[in-house]
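Here the chain labels run A, B, C and D in written order, and each chain numbers its own residues starting at 1.
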Amino acid sequence: MTPGKTKFESALQVRPDDLDMFRHVHSSRYMDYVLAARFDQMARCYGVPMEKFLELGFGWVVRTAHLEFKRPLGLGEKMTVRTWVDEITSDSVKVHFEIFKEPARKLACDGWCLYTMVSLKTGRAEPIPDWIAAKYAV
Amino acid sequence: MTPGKTKFESALQVRPDDLDMFRHVHSSRYMDYVLAARFDQMARCYGVPMEKFLELGFGWVVRTAHLEFKRPLGLGEKMTVRTWVDEITSDSVKVHFEIFKEPARKLACDGWCLYTMVSLKTGRAEPIPDWIAAKYAV
Amino acid sequence: MTPGKTKFESALQVRPDDLDMFRHVHSSRYMDYVLAARFDQMARCYGVPMEKFLELGFGWVVRTAHLEFKRPLGLGEKMTVRTWVDEITSDSVKVHFEIFKEPARKLACDGWCLYTMVSLKTGRAEPIPDWIAAKYAV
Amino acid sequence: MTPGKTKFESALQVRPDDLDMFRHVHSSRYMDYVLAARFDQMARCYGVPMEKFLELGFGWVVRTAHLEFKRPLGLGEKMTVRTWVDEITSDSVKVHFEIFKEPARKLACDGWCLYTMVSLKTGRAEPIPDWIAAKYAV
């Protein structure tokens, strides 16, 4: 299945508990922002919310994460998290992301994550059903 | 200074990293939600953003927190965090809060926090200047 | 069942991601420290690890949390988290806690939490079986 | 300055608030574990604690992070976080890490982070002083 590579966007805001002792967002929180955007976009843009995967006995695990930090986000700042599916294999999707600092729309962080679909029962990788891959091909 | 007790509201959403192993929001995250709402409302509703306090060499610390959990928030749920200043003393404010699960507007958690204003230099309690107390008297 | 009120202790350390922009531990993290100590002590001191509860289809939810903050914990500091069961009712336990800053053993935070045992299936309160209450009566 | 590439280890334990809805550690928390190990090892193994950097007006920011997830960590599990300096440039260090699940010592996650030393005043990269680079050359 070929990914459509359509780019989707979610608006998020820095929470005070995301800040580190330098008043910048903890580097690990950017991974949480990407996850939050994916959950939003799975439901809103791809039409298969995480709840649907759980119902079907599926989960997603991160296999690889790569993050490039460009500009720190700070207190109360707003951001746009843009993600797109760059590659689909039998059991995984490679998702690229860009996090923009708003309103200036300057790049704060970009990178990619490789997510594998797993069976919640066995914890092992599962082939992504065709109908789901089709949803991701937008 | 008498607090005006006007109730202000902020809209927030559960992030996937807020969930615990029972797929409910970690109880500690409700404190983070209240803090996020306060930061939003300090800027938007009281007219003294946290950045202003930092500039003046002031910070706020939680002295006491009391939380009553009524209904768990779950995956991707939206909430309204309503807070109001119930009491102002020379160096502290007692803030009540209610967190509503949306769109049904059912109470998820309520309680109160006692915040003390401190000098960032000494870490000690500072008298709240009159002009700030006046802002909180709305 | 009368609680034995034996006090148990767990040693923990502040992680850098626990710090807020004032270089103190986020107030919400103290709830996480208490939870970590309880999980440790459930297994090590009461002889019923959380995993056992999960196996039996039980979970625990916080109904009320009350925290008094005395002294901030900072970068890399070590602490002792002491907890004890102060009260046992048919479906709940009231747990008191004290968090000491080490090595000076000065009180950083104290308070209590009311935990209710729930069925993982229904999410509703479950009567605590006698054999478990007996374990908590040490 | 050539890094000595000595490998140092820190023992850490999963906290309940690190778990996600699948009862595995949130992928973002592995970055927090690496940071915690670095802070421990900066003080204990390299002889320049983070506090020293702060005193000197320096901080460290993550420029790039790359993580490969191999095996999930779960409830209460213990781990060893091994890190070593693989490369030192004028203003940055490339740190490799391996996180082992204990006691079986199976690899849970590995990868690397590029950290840049910055001035806390300007937020900009600063040349790492020779005496610090020498400390990192063990």
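Rule of thumb we're sticking to: a contact is a pair of C-beta atoms (placed from the backbone, for glycine too) under 8 Å apart; a residue touches a chain by one contact, two chains touch by 3 or more.
None of the values given here were measured: they were computed from a predicted structure.
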item	value
Of A-C and A-D, pair with higher C-beta contact tally	A-D
Chain separated most widely from chain D, comparing mean CA positions	B
Chain centre separation (chain A, chain B; CA means) in Å	29
Chain A-chain D separation of Cα centroids, rounded to whole Å	24
Chain A-chain C separation of Cα centroids, rounded to whole Å	33
Of all residues in chain C, the ones touching two or more other chains	16-17, 22, 26, 28, 32, 35, 75
Footprint of chain C on chain B - complex, ascending	22, 24, 26-29, 31-32, 35, 59, 61-69, 72, 120, 123
Sites on chain A touched by chain C in the complex	16-17, 19-23, 26, 28, 75
Contact footprint of chain D on chain C as seen in their complex	15-17, 32, 35-36, 39-40, 43, 49-51, 75-76
